[in-house]
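Scrolling down, you'll hit the structures one after another.
Common to both upcoming complexes is subunit A, partnered first by subunit B, then by subunit C.
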Partner chain A sequence: MPNRLPERDGEWIDRSQSVRFRFEGKTHEGFAGDVLSSALWANGVRLLGRSFKYHRPRGIYSLAGHDISSMVEDAQRTNLRGDLLPIEPNLDVRAVNTAGSLERDWLRITDHFGRFMPVGFYYKAFHTPRRLFPLYENRIRKIAGLGRVNPKGHLPPSAKDYAFCDFVVVGGGPAGLAGAIAAAEQGLKVLLVEEHPHLGGSLLWQHARDEAAREQLKDLLSRADALENLTIRCGTQVAGWYADHWLALVDAERLTKLRAMCTLVATGCFEQPAVFGNNDLPGVMLSSAARRLIYLYRVRPFERAVVLTGNREGYGVALDLLQAGVHVVAVVDLRANGEMSDLAESVAAAGIEIFKHHAVYEAVASRDKTSVVGAILCPLNEQGGPESIGRVKLSCDGIVMSVGWTPASGIAYQAGLRFEYDERVEQLIPESESDRVFVAGRAAGVFDLESQMEDGRRAGLAAAAACGRFEGDIPERPVHTGPPPSHPYPIMPHPGKKNFVDLDEDLHLADFKNAHQEGFDNIELIKRFTTVGMGPTQGKLSNFNAIRILSRLNGATINETGSTVSRPFHQPVSMAKLSGRRFHPMRHTPLHAQHLALSANMIHAGSWLRPEYYKIDDSSRADCILSEAENVRSGVGVIDLSTLGKLHFCGPDAARFLEQIYTGTFSEQRVGRLRYALGCDEQGIIIEDGVVARLSEHHFYVTATSSGAAGFYRDLQRWALLFEMDVTLVNETGHLAAINLAGPKAREVLRSLSDFALDDDAFPYLAVRQGHVAGAEALLMRIGFVGELGYEIHIPAGTATHVWQKLLEAGRELEIRPFGVEAQRLLRLEKGHLIVGQDTDALTHPYEADLGWAIKAKKPFFIGSRSLQILAARPLARQLVGLALPQSSKVPLPEECHLIIEDGEIAGRITSVAHRTTLGQPIAMAFVTPEMASPGREVTIRVAGGKLLVATVVPMPFYDPENSRQKVAD
Partner chain B sequence: MPETIRQSPLHDRLNSEPLPAADLSAARLGAVGICDVSLLPKLGVKGTGAAGWLAEQWLKVPEEVYASAPLEAGGLIVRLGADEFLIEAGSLDESLAALRERMPGDALHVAPVAREDAGLLLVGPRATEMLLQTCGYEFAKSPDQRFVYTRIAGVSCGVLPQQILGNRGYRIWFDPSYALYLWETLVEIATELGGGMVDAAGMQ
Partner chain C sequence: MKIIHCPINGPRPLQEFHFGGQVREMPVGSQVSDAEWADYVFNRSGEPGIQREWWYHTASGTWFIAERDCQSDEFIRTYLYGGRESDA
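So, the complex of A and B:
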């Protein structure tokens, strides 16, 4: 590790743990605590990646998580940022977006064609001819882009969790630490979130030479450590702020949804680059990156460096470099008067040449263009632009940029704060704070170290006051004094070289001028046209320079130009974190294990798992289903109906309430009897159907559709409140099981297990009785959804297995068999019973579905009554009819939703179909126009493959039109 | 007449693997243990006359909504709403059956509610941590014996924080049709936390 510096207090690396890793097929060595970029730089590797569009070589730039051109991938993961990725044994990565290898990437040829690819050329060049667009798209996606997702990769699901606190502090620098401590000292439950592995923020690198600052950090950490109500999470990013003070925290293991009463944004600033020729070469880096290398990872950034500055910090950086053994060739100051402080004197005293009112005009590239070999300086004219005379070329292998900052304000923006440009600091600062969201430190334009901590304390006390834990005076925010820490326009036009504004998207200065010339003179428009700020860093290093450029092009101020909107996520979040552990609640009936034991093929029905059919040896699915149906028709079958909605309506107004909910009448319903119930919405659309059983004068038991029960019950509760009725509603859907015993031999099976009188007089069709079945408390309803003698047995869920087993046992000699959902669908179709949601849609009203008989229009009111009155007066647009399908045809039979065609137009659709039935005749239910609804009318169905099949309208039900099977007496 | 056999909604799931040995249960309880108590008899009482009727039965009716109170004979009563109560027996005896028998048959102002809820106990020092992975409610601020309606792993649940075996534990009730799903989900998380299923005997 030729560039590794000697050990120093505060370094992040653990020299006792040597780590070997592989990059681009070569083995390197670093220390635990290194990130990939720092370890490679320590080993003299400067080519870390290629750029997005031109495949230009890139190295360390920010070393703060914004170096998207040094992204890598391994066998499982992609788009890992080298400046954040910790090295570990067995790490084996290669750069993303290269063809061949990083060094020999043959797509680097695109850099030579840059002049032919101005911003927006995609939009102009590739939309014609249209047929070639897929080819263009495919090629462009392969040339420009990031990493590739490995579809075979598998990462274990990461956990998600919730957390709660009074006060969350985002950023563990001086302001954040001071704010967290101040709030915690007032008794708030505080969570301090720091994205880096260690607390300290800028104290760790910006003030690292300052012994007093180091002591202050130790003091802050010690005080924080002593506070039990202050929790610290390092290595955790705040990815977004959402309404009601929800924040998304992301660490290596999980995504946390944090609910905080108050938020302090103490996120500091993003250092901003200068714009000059070749300002993206490996070796050109931000001063904060150089300082991080020196103090956190103990890596010497360069041998010979030129420092370009527009503020006081540049001089401090020069001294830091000097101390790290770097030969600082020159400090190039953009300001006419240079730096007046003691730092400038120290720099001069060290023999470093200072070029005032000069700029770096161009970074000189090595022959292979993968490193810096020099810097061309130019004097500046009165407007701050480059002079063409008086240029100087200096030999160096590194150029450090220290020209200014922009606040890391994404979270604050998302929390609803607004920022304005302040010329005292030449950056955006918050216009104001809300009563629960605060900004402190450099993010608020406070740069002096003491002032940052003072500002943090102010915010901490303000949060304590907002939470009712502090009643004293809240101090004012400190005001910045002295020269601004940022230069107002660190941008040097260079007509001959690419001078990058956005390294994410490979956008250079000329792109903005071209876009502006084309009329994109608004910040939001120019963002969309150039894609500035739309790369992986979301413009953290480019947006503000883009605003400066556009302001100058428009002759407007920064505030007049405005800025773009910040949306979550503030930092990239992996899809694995977002998906996390999956919660997909699945409902099982109490008989689930019984179905599995009987070889059921289970299917999803809404949130439920239900038996589709029961497999029999080698029989096909269709054979199994038909066999189950035939067994019901000829003997006895049993089906699990536990998914049915099961509701109780109790109280003095129960009957009246039912009459307002459903279209029928129930006040006169006799105790012990059943009635069909049809529910509509206010538009008269069918939304529910079921059976109402009157158990006593004031007690009704009602079944509802499996898929609609939960929503229907919610609606019922709302209506009960609105109608102001004395009715008690109870939803026992999951608490009761239901089993339908159906078939001509059903009574015989039941007789041996129940204490009911089952003869026709005592228990007629459409009656309800309460008693016991197999010893279990049970409610029985005699109904015939499948068109046979049938008893719905409703029992407590805990007894379902026992009753089910007893039924099968009792019916063994009668060859009882379970039947599944598909057999039930077939049987009810033969009987002409519709299923709400399958044979009806979001526009179906009762008259279309031949359910007009279920509407008791003389009632004073029920939900949908007014709409149904109107619909009744209108001619029907369609009708639900039965269709007889040909028994043998070369044309395939239709499936559900196949269309009915008349004169080349759509005239209807199939809602239910059965190819094999107990009738020996394929049948269907379909919507057709009223003109086509007469029995005997032939209709044409467009089936699979576009072929046409002729079917005949027939009366429904297809089976037992006299209903004699359901009413069969003992 | 054959005798009725009640089963927990987790009956088949729990029978598919042996109960953990006492030492394993103890180890799991050192993190978070999950125990099925679905078979404890339960009864719901709902209606405008529910509170009055329960008082007539000499039960100590909680006055505030979401408050709970122990029953003299063991078990507890929870006020789920102004007019709704949940009673859970403390053992598998049939004491609630008698109460159910005494309920008015007309359901005019007092209606019986079948409560076949799945019931789980979450016990151990990491129980709250497990809930934080599945539930957006801040239980740390919720006092013991104060009932909470919330969603756990997407399932609507009623939760009663309690002191169990010297730690904050949770008694959870929910629709039994979700029992298998929620059990699998919670056991997976508990296992990651060093816990898992425990036998009810291990709770003694």
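So, the complex of A and C:
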């Protein structure tokens, strides 16, 4: 490790633990605490990756988690950032986006074709002819791209947890620490979240040379440590801020969903690069990166450095470099007057040459173009642009940029704050704070260390006040004094070399000028056309320079130009963090275990699990379903209907209420009788059908469709409020089980188990009776949904298993069998009964479904009545009809939703179909136009593969049109 | 995830609620033209500002009214229909 500096207090590396790892097939050594980039740099490796588009060599740039040109992958994971990835034994990684190897990437040739590929090139060149686009796309993706996903990789699912606090502080620098301490001292439960492995923020690198700052940090840490109500999580990203202080925290192990009451954004700033020729070469880096190398990882960044600056910090960096044993060749200051403070004197006293009102015009590349061998300086003209005369070439292997900052404002934007440009600091600062979202420190344009802590304390007290824990005066935010910490335009045009604005997307200055010339003169447009800020860092190092460029091109101010907001996630979050178990509520009926014991194949039906059919040894699914149905037709079967909505309507207004909800009349319904009930919404669309049983004058029992029951009950509750009626609703859907006993032998089965008369006179079709079945209290409804003699038996859920077993026992000699949802669908289709939501859609009104008979239009009002009045006067657009399908044909039978075609146009669709039926013929229900709806009419169905099948319209029901089966007397 | 104040159950996460649309007066069908009825059925106001909305707390079966600023997505207050107005 030739570039490693001597041990120093506060370093992040653990020199007692040396770590061997592999990069691009070669073994290197570093220390625990190193990230990949720092360990490689310590070993003199400067070529860390290739860029996205031109495959240009790249090295360390920010060392703050934004170096997307040092992305690597291993056998499992991809797009790992070298400046975030801790080294560990067995780490074996290679650079992404290279062909061959990193050093001999043959795609580096694309760099030479750059001038033929201006921004927007892909849109224009590859969009015609369209049929070739997939070919181009494939090629482009291979050349311009990042890591490849390993489809065979397996990452263990990440844990999720929840956390709660009064005050969440994002960022553990001086402002964040001071804010967290101030709020915790007022008794708030505080959570401080720091993305890096250690607390301290800028104190660790920006102020590291200053002995007083080190003491300051120690003091803050010990005060924080003493507060029991202050929790600290380091190595944790705040990935997103969602409504009402709901935050996503991500660390190496888990995703935490945090609920807070107040938020402090003390995230500091992203240092911004300068734009000059070859400003992306390995060896050109931000001053914060150089300082991180020196103070956190103890790596000497270069041998000979040139510092380009536009602020006070650059002089501090020059002194930091000097202390680290770097020969500082020059400090190049963009400002006309240079630096006025004593720092400039210290730099000059150290023998470093200062070039005022100069810029670095170009970084000179080595012969192999993978490193810096010099810097060309140019004097600036009055407008701050480069002069062509008076240029100086200096020999160096590193160029440090210290030209300005932009707030790490992502979380603040997500929390609803907006930023505006302030010329006192030449950066964006928050326009205002909300009463529960605060910004402090450099993110708010406060750069002086004491002021930062004061600002943090102010926010902490404001949060305590918002939580009702502090009543004293809250100080004002300190104001920045002195020259601005950012330079307003650190951007140099350069005709030859690529001067990059966005290193993610390989965009250089000329791309913006071209885009502007093409008319993309608005920040939102230029962003989309150039793709600036759309790369992996989401513009953290490029957006603001793009705004500066555009505002200059437009001759507008920054505030007139505007900035773009930021959405979650603030930093990329791996899919493994987001994936995991889904907690999807699933309802079981009381008979679930019985179904499993009978080898049922269970399927999802809305929120329920229901038996699709019961498996029999070697029989196919279709055979099982058909034989279950045939058994109902010829003998007797049982089906679990516990999923039905089961509602009680009680009270003097119950009948009147039902009449407003449903299309029918119920006032004169006799006690002990059933009626079909059809419910519409205000548009007159069918939303519900069921059966209404009158149990007494003021008591009705109603069943509702399985899938719609929950929503229907919810609507009923609101209508009961709105109608102001004396009616009480009781939802017994979960309390009761229901079993339908159906088939010509149903009465025989029931006879031995019931304590009431079953013959046709005592219990006729469409009657309801209460009594006992197998000793259990039961309510029975005699209805024929499947078209046979049938009793729907409603019993308390706790007795369901007992009754079910007794029914099966009692019917054993009659060969009773359970049947599933599929057999029931077949049986009801044969009977021509529609299923709401299957045979109707969001536009189906009763007249289309031949249910006009169920509408009692003379009633003064029911939900949907006014709409139905309008619809009744209009010609029908479509009608639900029955279709007989050919028995044997070379063309496959249709599936649900296949279209009916007439004269080349869509004329309808299949809503239900059965390929095998107890009738021996395949049948379907379909919507067709009224002209096609008369029986005997042939219709053409477009089936799978685009083939056409001719079917015939037939009257419904297909089975037992006289309804004799369900009314059978004995 | 937003927090909504149910007038019965207090602050609960959005996940426990069902949105029931704008609070609108249903016209008397016999007193309006077809066009006026259709306007009631199909059209909603998209005007920014404070809007009265129906919300339903699913776990407890509570319908209530919320006044929400649909531009800033802030709940101003919630109260039971026709009942005593509570602080949001």
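The working rule: the second predicted complex is superposed on the first by the 959 of 970 C-alpha atoms of A that agree within 3 Å, B and C clash if a C-alpha of one lies under 4 Å from a C-alpha of the other, contacts with A are read in each partner's own complex, and residues count from 1 in each chain.
Here is the rule we go by: a residue touches a chain if its C-beta (ideal position, glycine included) is under 8 Å from a C-beta of that chain, and two chains touch if they have at least 3 such contacts.
Source: prediction; values computed, not measured.
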{"item": "More subunit A residues in contact - subunit B or subunit C", "value": "B"}
{"item": "Subunit B versus subunit C as contact partner of A:697, first or second or both or neither", "value": "first"}
{"item": "First, second, both or neither for A:776, with subunit B first and subunit C second", "value": "first"}
{"item": "Touching partner for A:861 - first (subunit B), second (subunit C), both, neither", "value": "second"}
{"item": "Partner chain in contact with A:8 - subunit B first, subunit C second, else both or neither", "value": "neither"}
{"item": "Touching partner for A:581 - first (subunit B), second (subunit C), both, neither", "value": "first"}
{"item": "Subunit B versus subunit C as contact partner of A:683, first or second or both or neither", "value": "second"}
{"item": "Touched partner set for A:717, first subunit B, second subunit C, both or neither", "value": "second"}
{"item": "Shared contact residues on subunit A - subunit B and subunit C", "value": "none"}
{"item": "Complex contact set, residues of subunit A against subunit B", "value": "159-164, 257, 259, 581, 583-590, 592-593, 608, 642, 648, 650-652, 695-699, 726, 728, 730, 732-736, 753, 755, 772, 774-776, 796-802, 806"}
{"item": "Subunit A-touching residues of subunit B, taken from the complex the two chains share", "value": "1-9, 11-12, 38-39, 44, 46-48, 83, 105-109, 111, 113-117, 129, 132-138, 140-141, 153-155, 175-182, 185, 189, 192"}
{"item": "Contact set on subunit A toward subunit C in their complex", "value": "242-244, 246, 682-683, 714, 717-718, 721-722, 861, 865-867, 869-870"}
{"item": "Residue numbers on subunit C that touch subunit A, as the complex places them", "value": "1-3, 14, 18, 20, 26, 29, 32, 34, 37-38, 40-42, 54, 56, 58, 61, 63, 73, 81-82"}
